[in-house]
Amino acid sequence: MKFINKQDQINFRLMQGLAIGVVVMMIIMILLLVKQSLPVIELSGLSFLTTDWWNPIEEEFGALSFVYGTLVTSFLALLLASPFSIAVAVFITEILPDKVKPIISMLVEMIAAVPSIVFGLWGLFFLAPFVQTTLTPFLKSTLGFLPIFQGPSFGIGILTASMILAIMIIPTITSICREVFKTVPNLQKEAALGLGATRFEMIKLAILKPSFSGIMGAMVLGLGRALGETMAVAMVIGNQPSINFSLFAPGSTMASVIANEYAEADNDIHLSALCLVGLLLFVVTLIVNVSARTIVWRFGSNER
Amino acid sequence: MNYYKVQKLKSHLFIACLYCSAAFVLAPLIMVIVFLFYKGASSLNLDFFMNLPKPVGETGGGMKHAIIGTFYMVGLGSLIAVPLGIVCGIFLAEYGKGKIPNCLRMASDLLTGVPSIVIGIFAYTLIVVPLKGFSALAGGVALSLIILPIVIRSTEEILKLIPGHIREAGLALGLPRWKVIYFIIVKGNLPNIFTGVILAISRAAGETAPLLFTAFGNMYLSYSLTGPMASLPVQIYNYAISPFEDWQRQAWAGAFVLIILVLGLNIVSRLIVNRKQLFNKK
Amino acid sequence: MSENTPILTTNNINIWYDQFHAIKNISISYLPNSITAIIGPSGCGKSTYLRCLNRIHEEVPGARATGEVIYNGQNILDPNVDPVLIRRNIGMVFQKPNPFPAMSIFDNVIIGLKLQGVKQKSKLKEVVETCLKKAALWDEVKDILQRPGTSLSGGQQQRLCIARTLAVNPKIVLMDEPTSALDPIATGKIEELMQDLKKEYTVIIVTHNMQQAARISDYTSFFVLGDLIEHGTSSQIFTNPKEQKTEDYISGRFG
């Protein structure tokens, strides 16, 4: 940029300096995180990712159970949340009268504003007992033949964590789906209705079908949110570093183990191991977010 | 004709399903709020705001230190991130092309997607390690990392909506560009920019994860920048997972205060936007 | 300065948008206290040319201009000249009325002076009154000066923009189709106003409306596709054009 006006030049340089500062800060933070993780990489190597034996006292670190816990809770949450999120997005854009729209959509957005810790508290004192006394017996009596619905339930566990996560990612998916639905031209809807389609058929043909990749993008973004969610999960998952195939069993996620152990970790190698878990989480969410953005962006540029 | 009936039935069923799922989605929100009122508001009293925690075993006591700590660290985080974020947002909106703006945009997007617990680790390596101890400063920095990308993004989006001819009109008056930017473009949109700022602050006020091992928490009143400091969310967490019933009761009261604070800020920011729109319509 | 010394002269102006050659070799002189209208079919580059006269064309990425625009003995297209100082002498009124949002009528008029550092309250008040009077808006708004500028009607907004431009005391006022977004009554008011402005300022106006050019201007330039076809007094251009193309255009056979 070239400036003849001195004041403009000073202003521009100052702004540019701050911008560079923010970027450099970001790079430094990532480098520090990598540097902190190095000792445990040297110690454990690949076995960090392939074993599930986590014993900080013996300095044995295998993070597989956390990766498993994170993936299972997040995908289960996505499975639970997606149908509801898409339905609510359709409901708000297509069914609700214009006057009620802002109220309902504000309420849905309000869910995203509720702090994670509050959901955790509610999950611990309301949802977990509900899962233990009502949901588990019901699932056992109907679907108990499946291995994922066997074993004892303590209320807290993978299922409860997934349910909380599902609630928390619904607003994310809903709001992106609504954006996507907005790009569907009115003409297509009217054309469908003009052919004598019912409302259901119109929504299926003119809204959901052309929005497919956009909806996928919204779901991946929701997944990204679920992967990193910490407090609510840490409070209801039980924090047990083991791999259990039963959804009733307690587990542990990458985020929750950091939340639980970081402040109390007293030797450097333990801290380093937790940093590596953090780095792993960072990389995974980064990949998920970038791919979500690519999907949504591609959708946007194709349709318009 | 029969087939048409089936079609219609399907359509009605589908719409009924939509109503049901909306109810299903909103139910947890309503339950959480009702639960908070029921359990939280009932355990709330003046002591909660005025007193410090009592030792284990004694009932009573409050979270004065945590409430002050939350305001202290959120304030500190805002002090760092809000001016920086607004300036960066202006930079992106006004000089948005080129390598440096693109890098900044990428860094800011990256930071938005980083899980809050990882933000905690960032602040830990950045502040706690060099200072060799948990501190309010580290907590403030962690919260500033939450606030920063939201403010950058919202400021940029708002300023980008301003049509180019407004800028040209300012320049045509013979004003240097920086004056046009700050005194015409930015000043005219301060309410909108503050909406984004308030949303970012409300988000930070409710965060627990980044504070767990940066500010850590304590049980007494502290104003020291370099000492550990309690915050409402961390205090709620510690009390909630404790086995003492009185502490759990206080966790509910704390959650009640926290949600009033967070949702209150949220609603305030929405009101600002609404008032602004009314103002323009007149 | 005598009546016949040009206040502004352009020599061999060429303007490109990236590869597109929008304005080709245009040279015109402008006499003080005159109104010059620039007419031509849409897309002929008349706005582009006008915008380079105070270097606001630089706001469009990829636009560049060569040649000379001489004002006060200085080539203002010289990259070492600060456009900020130029624009204080050569103001501009835009196609769409664009009062600054979230600013009162009062603030809209004085914002230019205020940001140049004039703080004296009484001086600012005086400027608001004289400029709004010059823009023939004073009687309509003198009781509502604190209302937002955007609350006025389109025609009033455009006159407010004229007052805003006059407040920084320019010598030349550029107008880029100032009435194209207005109804006939508002247009009439602005045309009337321009005859008053002529006494103090030099006005160069781009218009797509030939009748308007004939009504208000002393001189007229006719542009086609970036070329200056003809420049002369308006009476000559509209009654006895030298060029066939001009005749075709003003008689409606082309454009």
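Residue numbering begins at 1 within each chain, and the chains themselves are lettered A, B and C in the order written.
Throughout what follows, a residue touches a chain if its C-beta (ideal position, glycine included) is under 8 Å from a C-beta of that chain, and two chains touch if they have at least 3 such contacts.
Given the structure is predicted, the values throughout are model-derived calculations rather than measurements.
Centroid distances from chain C, each centroid being the mean of CA atoms, peak for A. At the centre of the protein atoms shown, by the Cα-centroid criterion, sits B.
When the interfaces A-C and A-B are ranked by C-beta pairs in contact, the top one is A-B. Annotation: 48 Å between the Cα-based centres of chain B and chain C.
Chain centres here are Cα averages; for chain A and chain C they lie 56 Å apart.
Distance from the chain A centre to the chain B centre is 18 Å, each centre being the mean of its Cα atoms.
Each of residues 5 in chain A touches at least two other chains. Touching of two or more other chains is recorded for residues 83-84 of chain C.
With touch defined as above, residues shared between interfaces to two or more other chains in chain B number as follows: 176, 179. The residues of chain A lying in touch with chain C in their complex are 2, 4-5.
Note for the complex: chain A touches chain B at residues 1, 5, 7-8, 11-12, 15-16, 18-20, 22-23, 26, 28-29, 32-33, 36, 83-85, 87-88, 90-92, 95, 104, 106-108, 110-111, 113-122, 124-126, 167, 170, 174, 198-201, 203, 224, 227-231, 235, 255, 258-259, 262-263, 274-275, 278, 281-282, 285-286, 289, 293.
Interface residues of chain B, counted against chain C in their complex, comprise 97, 163-176, 179, 183-184, 187-189, 191, 279-280, 282.
Listed in rising order, the residues of chain C touching chain A in the complex are 79-84.
Against chain A, in their complex, chain B makes its touches with residues 7-8, 10-11, 13-15, 17-19, 21-22, 24-26, 28-29, 31-32, 35-36, 39, 84, 87-88, 90-91, 95, 98, 100-101, 103-104, 107-111, 113-118, 120-122, 124-126, 134, 148, 176-179, 181, 202-203, 205-209, 212-213, 216, 233, 236-237, 240-241, 248, 251-252, 255, 258-259, 262-263, 266, 270.
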